[in-house]
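The structure appears right after this line, and notes come after that.
The first chain written gets the first letter, and so on, giving A, B, C and D; residue counts start at 1 in each chain.
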Amino acid sequence: MIYRETGTFITSYIEDRKLFPIPFDKWAMALFMLFMVFVIPFIASDYWLAAHLIPILAYGTAALGLNLLTGMTGQLSLGTAGFMCFGAFFTFNIMLRSPEWMNLPLALMLAGTVTGVIGIIFGLPSIRIKGFYLLVSTLAAQYFALWFFRSYPYFLNYATATVTLPDHHFDLFGIGETFDVDMASFEAKYLLSLGIVTALALFAKNLMRSATGRNFMAVRDMDIAASVIGIPVIRTKMLAFFVSCFYCGVGGALFCYAYLQVLGIRTFEMNRSFEILFMVIIGGLGSIAGSFYGTILVYEFPILFSWAGDYIFKGAFDTAVVDNVAKIMYGILIIALLIREPGGLAALWATAKQKLRTWPFPH
Amino acid sequence: MKTKIWITGIAMATAMAVTAPPVMAEGEVYIPMPVYRVGPYATGGTGYFGGIIDYYTLMNMTEGGVGGMKIIWNECETNYNDQKGVECYHRQKEFQGKPALFFDPLSVGISTSLVAQGRKDKIAIIAVNHGRTEGQRGDVFPYYFMPGINTYDEHSIITAYIGQLEGGMENLAGKKITLLFHGSTYGREAVEFTHMLCEKHNCSSEAIEVPHPGNEQTSQWLKIRRSKPDYVVLRGWGVMNPVAMQTGVRMGFPISNLIGNIWSNDDGDVKPAGSSANGYQAITTHPTGRVASVIDEIVEKLYDQGMGDLEDKSRIGSNYWNLGVMAGVIHLEAVRVAQARFGPDVNSAQVRWGFENLNLDTARLTELGANGLVPEIKTNCMDHVGGHQAKFMRWVYAETKWEVASDWIDGDVELSQAIIDAKAENAVANEGITPRDCNDPAQRDDFEV
Amino acid sequence: MDFDWVFFIEIFVGGLMSGIMYSLVAIGFVLIYKSSGIFNFAQGTMLLFAALTFVKLTEGGVSFWVALPVSMGTMVVFGILVERFMMRPLANQSLLSLFMATVGLAILIEGFSQYMWDSAIHGLQLANFLDLALLDPVNMTIFVVDYVEWLDILISKFDIFATIVAGTMILILAVFFQKTRTGMSLRAVSDDHLAAMAVGIPLSRVWALVWAVTGIIALIAGLLWAERVSVSFTLVEAVLKALPVILIGGLTSIPGAIVGGLIIGVGEKMGEIYLGDLIGVQGIETWFSYFIALVFLLFRPSGLFGLKIIERV
Amino acid sequence: MAAGNPILQIDNITLAFGGVTALNGISFDVAEGEICAVIGPNGAGKSSMLNVISGVYVPQTGRVVFREQDCTRKRPRQIAQLGMARTFQNIALFQGMTVLENILTGRCMKIRSTWIEQGLNIGRARREEVENRRAVEEVIEFLHLQGIRKTPVGKLPYGLQKRVELARALVAEPIMLLQDEPMTGMNLEEKKDMSCFALEINREFGTTIVLIEHDMSVVMDISDHVVVLDYGAKIGDGTPDEIKNNRDVIDAYLGVTH
């Protein structure tokens, strides 16, 4: 009986608003973060960092961004990869074309802001167009982004196909030289991504439990009623586009900088948008933690499958068979999840937690 | 619930421990196989990796592997997807305790994504017949190899062939050549060079983009119909190729004047176009069909015994499969070159040196049974491409096969060197690369760059 | 330089013809949306699956007149399965969930059809099965200049064939909706699910029927697309173009799907050629159709033929 | 409650959808501090009237003046900012949120902190959350909603949902409150509660109330002023007693043809 809330009484409104009202949750989270920061970089191999943790953090950021827009504010978007593309290219160009003092976190924030503004532009039609009709605007963003960066090679610094992102972009205030650490190592990239993602997730969480978050959800649930009770609907939608695209932009930049280490257009094709949409659906629309659950599942699912193909069946099946079966299972998983629990993994987890709270005496 | 998670966790950990790889036997070398057998580009993947696997298997059977070391490999499905490819790379860097000797994903996206990483890990990234053209400069990109031809060779050879068709390069003057390219950085890469070539040979050129994926080309071919070029050079990829042939023919363009590039020359590109493709010509580094004795040997010792990697036997001798066999020959030759210097148990950095010192001349190719399939390839520190020559094939619809249409034609290496150098300089400036000095024998021969 | 009117007409005609191809896909979308309010994202993969089934059958030596009904039967079974295992359990959920489910369905079909068949590019030549002058691969084009001297434009015979097929299909659908009992119950369901159920229309049977009919439409559209551009996985993405088409048309209207298709077809060709020349960059087609749709939607937020929704509170 | 100056003036409003005229030249005044009931048979245009007042529909002709400002073409939000709050006929709560969150949205106009402050959870944003929460708790207590703060609104019974909606309107501290059929579908007990709330709100906060209601006994009991609509036209306007004796009104309700 480690998991309880019995005996914890709420005595003030501030306490009631805490992120982790249950002490166990708080300690578990703290422990988890300590583990992620101080243990993981030392025990995880390059493979785990480069091929699992870093991509999950990068994808998670973009998924969180989409969730803010689609899950929280109810504006369906298929342009996620397009916005990621903007973010990644802007970051690269800021780093490339600025003086010495520019550093990656600052460039990420700047690029995110510009991407957010672009998001507002493509979000403008949402004032008049609603529901599925809005898909067309985000699709336009998706294809426009690809076309734009393909057609104007200036943004790729006139390179062929891809640019390898140089290691010196990672150095922060000369830390690397001063302390003789490799700032471009996977450990450093992991910690940088983890820091950024944690900060962004915390920001999103705060935003969601404040007035802005309630405005987002009000607009999602019923925008006429929202406007009648005095919520600035248009401003709220635009803000949602801005914040969402900011996150997607940063996610895209992390995807290239921390994960792939190269910048190219192909990275951001339409499929990526779908992939991130699945992450959000499976994780749970409207849940911040859910964005990460979904990311982990969607990212790891095919890998787990091919891993199983390798080790359990010792390569008895063709990779094609394994991959196709994975796809079929994946489709069934999405449909089954929607039938059983439209709230996604986050809702499943919440139900489980609820049961756990009262365990072993459910009544 | 919590308990469940713990149990699952423990179970998984146990499973991992139980299935943990046994230590590999001595006398084996490991080569990763980042295949793609599903998705839109699966034809390429199954053919190419099928060819490689068949050649490796043959070598294991007949020669006990390479230099006395048995070749082992494992597959990882990339879907031709950059992100999955990178995951595969990290996963396959090591297998059963043996490090990978090199990594050949047959994908521009994956290979270019790994150029820097490969250098860090001292693992050579191989991109047969494609990739970042500046990668030719081995002093700047020591761990990146593109054996065969590069984009610029490809288009200078095509121009030379058009010259042959017109009865001499001087007859190119006043002709009009249109480049119909896939709307990607891959496609765009040839635009500038096509204009340069036409400038040199006094022809006029224009470039028309087909947006990805290329299954709607009405407006492009309407443009072509208006501008009436003498030749259209097709720089396509996947479904864009058959659609270009069909749409072109439907718009009344003579198919014999449509010349395909190196990624527009597969059976899978022409067969869907049906009779429209009859007489279509395309460049190739590795003629299709059973053109070399090594292929006959594979058929005899593998396929006739019910082995072999291709499910569909009719694809033996097809373009991608032959390319795979060609790649297999190059791979193992590099390993052998390295073994000759460093002994049989080579590491990846030593194999890199092997790739840099290939010398596949006709004599050696004949010895390997690959003459007629593989072009002559001689690499060095400054040239990681090495081949720079290709042939042409013509599709015969009635017999559903390609016929060889030309002899080996050399690329215009001088014209392309300037662009390649400029791009390499750009990479040096922006990617934080310190090039080595290829004229310094010490630096040149140091395998661990 | 003088404006080349003949070229303009040629682009226009070419645009109309590719527009028809988009419309063919869009009709399937509209049918499902009309009857169940579902935005069926799997339409593209259904098209691919249907065409692939047919092509693989004929490649395996099955004759056209066997392969066609077999593929149709497959699509009908598919429709019934979708209704039973997806629609029915999801019946009372939000439209967004249903949309997501169709996305899941799309992945499932994609995996399944690669598992069953393969993922290579396949060609299809209907002329091998149907002895029609319009499908003759040798004389595929009509040059108007042969008849009208100054009018050097080209029309593809195959496009005429596609137009005829599309027209016939719409006619059959119209008759089906207006005259038959099943068709009428379909319309009733699309107007009001609950009311339709109240008067005794079996909802699940109607939905199964709609999915089956949509499957057959997907097959026909798939065959035409296959003949025109071959069958491959990129069809799925090309079919995304049907999205602006139905949005312009207004999601619920079949004539809307046709008109939308023509607008997008002509619009994107014009954009590619004239706007592309103007700004000196090519490849505008990829996003231009979505911009056209946006412009239309800004003026008519529920499409040209869509029902104008009065928002009630 | 004594009637004061007119706080809301409806002047010759006409509203049509396509060819259907929902409201036809309606004019009436609502005095400050009174409870005004709008009654009429189904389809009389009552809800449309409320939608025009709160800015959801824009009428073709006529003027709506609220607190001496022309609100005819103002957006709903601008009208809300002038001090108008409302409830809806078909409950318009935010279904994805809890009771507490729903009621908190009613405080949206009191928020001064920016979204960045809120995201960082610093200074003003933190203080405002607590202030708003305090205001909400007062209303929760007033309407007896204590036990269901964290319940998703979708899981509540109909009557309670209506009450949550009222709470959401009240926390905005409105000068005028519009209620669209607050008691429909309720049992007698709940109706009593609801009418008590209306009277208390009116008395304690001096809020002017305009409500639409079918139950005549309730209307006659609590309202100071009754407006009767029928087929989009006004057929009666006066005190409850005057209305009770109005010939047209009786005919309309009994369905007598002239």
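Here, a contact is a pair of C-beta atoms (placed from the backbone, for glycine too) under 8 Å apart; a residue touches a chain by one contact, two chains touch by 3 or more.
On a predicted model such as this, the values are computed, not experimentally measured, just so you know.
Put simply, the chain closest to the centre of the protein, by Cα centroids, is A. Of all chains, B has its CA centroid at the greatest distance from the CA centroid of chain D. One inter-chain figure worth recording: chain C and chain D are separated by 48 Å, centre to centre, where each centre is the mean of the chain's CA atoms. Chain A and chain B have centres, each the mean of its CA atoms, that are 35 Å apart.
In whole angstrom, the spacing between the mean C-alpha positions of chain A and chain C is 34.
Centre-to-centre, using mean CA coordinates, chain A is 41 Å away from chain D. For chain D, residues that reach two or more other chains under the stated contact definition are 56, 88, 92.
Taken residue by residue, chain B touches two or more other chains at 38, 42, 183, 211-212, whereas all remaining positions touch fewer. Across the assembly, chain C contributes residues 114, 237, 282-283, 286, 311, 313 that each touch 2 or more other chains. Chain A contributes residues 13-14, 16-17, 203-204, 206-207, 210-215, 217-218, 220-222, 224-233, 239, 243, 286 to its touches with chain D in the complex. Contact residues of chain C toward chain A in the complex are 39, 85-86, 89-90, 93-97, 99-101, 103-112, 114-115, 237, 240, 243-244, 247, 251, 281-284, 286-287, 290-291, 293-294, 297-298, 301-303, 311, 313. Those residues of chain B whose C-beta lies close enough to touch chain C in the complex are 38-40, 42-43, 183, 208-216, 218-220, 222-223, 225-226, 238-239, 242-243, 246, 249-252, 268-269, 271-276. Taken in their complex, chain A has these residues touching chain B: 3, 46-47, 50-51, 55, 96, 147, 150, 153, 156-168, 259-262, 264-267, 269, 271, 302-303, 306, 310-312, 315, 318-320, 322-324, 327, 352-353, 355-356.
Of all residues in chain A, those touching chain C in their complex are 76, 125, 128-133, 135-137, 139-140, 143-144, 146-147, 150-152, 222, 224-225, 228, 270, 274, 277-278, 281, 285, 320-321, 324-335, 338-339, 342.
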